[in-house]
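Multiple structures follow.
Both complexes below contain chain A, partnered by chain B and then by chain C.
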Partner chain A sequence: MTKPIEGEKKVFMTGNEVVAWAALAAGAEIMYGYPITPQNEIMHYWTRMAPKYGRKFLQTEDEISAGFTCTGGVLAGKRAFTATAGPGNTLMQEPMSMAEMMRIPTVLIVCQRGGPSTATVIYSQQETTMTCYGGNGEGFRIVYSTATHQELFDYTIKAFNTAWKYRFPTFVLGDGYQSKMRESLSIYDPEARNIEMVRAEPYVVKGGVPGENRDPAHLRNTYNMEEELYEVIMDHAREYEKIAPEIIEYEEYECDDADVLLVAHGVVSRAAKGAVKELRQDGKKVGHFKPVTLRPFPEKELLERAKAAKQVIVIESAYGQLDKLVKSHLYGCSTPIAQYFRPGEGITIEEVVQETKKYL
Partner chain B sequence: MSVQPQMPKSWRSETKPHKFCPGCGHPLILKALGEVIDELNIADRTVFGCDIGCSLLAWDFFNVDTIQTHHGRTTPVIVGLRRANENVIGIAYMGDGGGYAIGSQHLVNSAARDEKVFVLLANNTQYGMTGGQMAPTTLPGQKTETSPYGRDTELTGPPVQGPEMVAAISGENAYVARGTVGNVRQLKKFIKKAIQNVMEGRGFAFVEALSLCPTNWRTNAEDTWKFVEKDMATYFKVGEIKVPGEKKEG
Partner chain C sequence: MQKRVVEAYIGEYASGKSENAVNRALELAREGEKVVLADLDLVEPFYTLRPIKKLLEEKNIEVIAWETQQVMGLGEAGSVLKPEMRWVLKKEGNIILDIGYGVEGAKVLNLLEGFQDNPHLKIYVVVNIARPATATVRDIVDYVQKLGNVDGLINNTHVGDDTDVKTIQEGARVVTAAAKELNLPVIHTTAEKRLQGELGVSDICGNPVRYIDRYMPQTFW
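Our next item is the complex of A and B:
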């Protein structure tokens, strides 16, 4: 069977199309999904292309089911994924908490829309907290926040590898803007870039007869004793902390001598970067720090930059979700932290320039 | 020398005695299931999913790969698994709360989509694990922790007819039956036909088993059997409801 993408090629497409291509290129074998805007076209492109490459799709009755069927696909040993947004992401937290507890490497693409509740179908960064820490758990998950279509492609492929390598549920946190706008990027066959895809393995039906020539797989998420649960969670915590340095990713722009440090993630970092460019032309010492992984968070790296700056400004299309993350990781840093919050609204370069000037 | 009780080969002896209450119906259902797994020789490709509620106590019951899931979510986990690996014989095991209340959308839609999985549901007319609350299957007038004066059908509706509902919405090739622990031989036959239905890729399979809960019913042995064989049988008709291309029994 031919590969979905041979080598590498330049394309101009929407983010949702990018995700479908990336999942195909990554060798995702099955997608489980339920309609919700602005995520729909991931399914639309997937259902058009998947059968040509022997891949499968199941449209479920809701996002709870999309998430749980996805865990089933992963347990069968397949690279399986799902995608959602907003209230769908809320429902998705139940299966994702099971994935967290049972170390099931699901991949979930989140296309953030306005919240809370139904809100808008357009855009926000209001699913940051939920994607990082949703469910009744500790947030042992990996969250990549993407800013460009290129990143959307790169990190969707990477999400499958990170998930299967470390066996924590992995999320690509996009948004409605990225879903719907068109942008140019390179799409590629991972092999063409020497990216080796981590092998997916079944958790059940692994060959042999259970009880005869192997032990049965008895997978559970329920524990009887406090001590039992404590051990399991502490194992997860130790493992998560051990691997965090290998997973953490961030981007710095003009940070070396920055007096004012703009912290933004996802698509908003484009406005922050644009503002830095503009202000640097006027000789202003402004820099931008973009965490790519929100879980685990690039704490040491941000702390170092924040300490060297005179002012930190957190900029986000939410009312303090990135801000909470930043503050918790900058504990002990005396640099003042200011905020620019536009919940559910896009943020332009001009706005960021204007806001930053207040601190120059 | 101690004499070992007779157990299906697919039962995991290391985890016996099991964790269910004395007099519970689950072990009878699981014995029938275990014997069918033995007879069909499918332990190597069966995945047993168990729900939350008393059914979760079966998480290490079998020498069969097992996934214990969330309350009501066993059906989608098994469906997702079977979709990804068609060689798997997927069994979703749950109680009446898991299947008819919190997970009803999954049961309804899996049946409607004719998923090739087998859902086995124990109906003991209440929530056992949480201490005996009213369930969709609680009989009219039956006292539970949340219907302490007896179930008022004016306020809470009549007992849910699960297999009848599944039969109404599933395709031609679905297998649907209601058995009872009062007739394990017949229940086993239903379970076998259900598994064969999914093994042969024919269609969805659903068996409700009328079960026992003397702990929460607060009944002695005699009244326990009277409840399942007389009281429950008044509302829940035992027998095959839908058999692809065959004559029904019972």
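Our next item is the complex of A and C:
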């Protein structure tokens, strides 16, 4: 069968198509999905391309089912994924909690939209808390927040590897703007960049004899005793903390001598970066810190930059979801933290420049 | 009097239908012609003509499009055909139709009164080979065959701000080859005005080049 992408090529796409092509390039075997704006074209393009490249698709009756069938596909050893937005993400928290508990490497692409509830279908960063910590659990999951189409492509591929390597559910946190925006990027066959895809393997119906030549596949998410649950959770916690330093990713822009540090994630970091560029031209000491992984969070790295700055400003299209994350990780740092919250609204370079000037 | 222009721009999602339609309407308006430009995208709430409706009206184009505040649940519920849209082909003067995306989007034409028997109507497929779903001759031929009756292809190959002449010429080669197989003409190649000096009046395959300004980046939402 021909590869979806040979080598590398420059293309012009919407973010949703980027995700579909990245999943194809990553060798995803099946997508489970239920339609919701602004996620739909991930499904549209996947279903258009899937037959051509021998991939599969299952449309379920709702997002709970899409999430659970996705975990089922993974248990059967398939490199599987799903994608959703807004209230669909709410419904998927139940299966994703199960994935967290049972260490099932699901991949979920989130195209954030405005809430609470159905709200508007366009854009927001209001699914940050839910994607990081949703469900009844401790948030043992990996969340990549992307800002450009190139990142969307790179991290969708990476999400499959991170999930299968560490066996925690992995999320790519995009948003409606990224879904619909059009820009150029390079798409590639992972092999062309020496990216080796981590092999998917079945959790159930394994070969061999349990107890003799392999461990039994003992899959549970139900525990009768508090002590049992405690033990499992603490195991997960220790494992998560151990692998965190290998997973953490962040980007710094002009942070070295920054007096004012702008913290933003996802698409908003484009405005933050643009503002820094502009303010630096006027000789202002401004820098931008972008956490790429929101879970695990680049705590040590942000703390170091925040301590050296005189002011931190958290900028987001939500009412304090990134702010909450930042504050919890900056505990003990005495640098003042200001906020610029535009829940459900896009943020421009001009706005960030204007806001930042208040602290210069 | 110049021949009446009635053109519908259809094609793959994000291929550049609106940009070509807008520029065509502006070109006619500049020549002092009466022009009606209709936004017939019933699916996609992004990159439609709504945000630049006023701007186009100031440039003497009659724009038939919803305004954001007039509609409810954009993108979630789809939008309904404005009554004026259904009757747009009965308007006088030149008519440019910007059609919603893909094969399904093109079916909106069936909803227009007089679509079957309008003698002037030309349907053009806008193709950008930097869109992977229409990257090769084979892909384009297969795609265009799904669209029903069409009258020509437009090579709109570009990669946004990173576009160079080489990209456009490669597009010209592929689109021209596809057009040949489909037995259709290439109406023109589209390029941004900044490339005019380098690209000249026709592309490598001899198709005329139509130079445009980009309006659609302003229309994201």
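Note that in this section the second predicted complex is superposed on the first by the 350 of 360 C-alpha atoms of A that agree within 3 Å, B and C clash if a C-alpha of one lies under 4 Å from a C-alpha of the other, contacts with A are read in each partner's own complex, and residues count from 1 in each chain.
In this section, a contact is a pair of C-beta atoms (placed from the backbone, for glycine too) under 8 Å apart; a residue touches a chain by one contact, two chains touch by 3 or more.
Here the structure is a predicted model, which means the values were calculated and not measured.
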Fit-or-clash call for chain B and chain C when the two complexes are aligned on chain A
fit
Regarding the shared-chain residue A:94, is it in contact with chain B (first), chain C (second), both, or neither?
first
What is the value, to the nearest 10 degrees, of the angle subtended at the Cα centroid of chain A by the Cα centroids of chain B and chain C?
100
Give one of first, second, both or neither to describe whether A:187 is in contact with chain B, with chain C, with both, or with none.
second
According to the stated criteria, A:38 is in contact with first (chain B), second (chain C), both, or neither; which is it?
second
On the A-aligned overlay, A:48 touches which partner chain: chain B = first, chain C = second, or both, or neither?
second
Which partner reaches more residues of chain A (counting touched residues only), chain B or chain C
B
After superposing the two complexes, find the smallest distance in angstrom between C-alpha atoms of chain B and C-alpha atoms of chain C.
22
Shared chain A contacts, counted only where both chain B and chain C touch the same residue:
none
Quick check on the complex: what are the chain A residues that touch chain C?
5, 10-14, 17, 21, 37-38, 41, 44-45, 48-49, 118, 121-123, 177, 180-184, 187, 346
Considering only the defined contacts, which chain B positions touch chain A in the complex?
9-10, 12, 43-45, 47, 52, 56, 59-60, 62-70, 73, 76-85, 87-88, 105-106, 108-109
Quick check on the complex: what are the chain C residues that touch chain A?
13-14, 44-47, 73-76, 128, 130-133, 135, 158-162, 167, 220-221
Under the definition above, what is the set of chain A residues touching chain B in their complex?
29-30, 32, 56, 58, 60-62, 64-65, 68-73, 75-78, 80, 94-95, 98, 202-212, 216-222
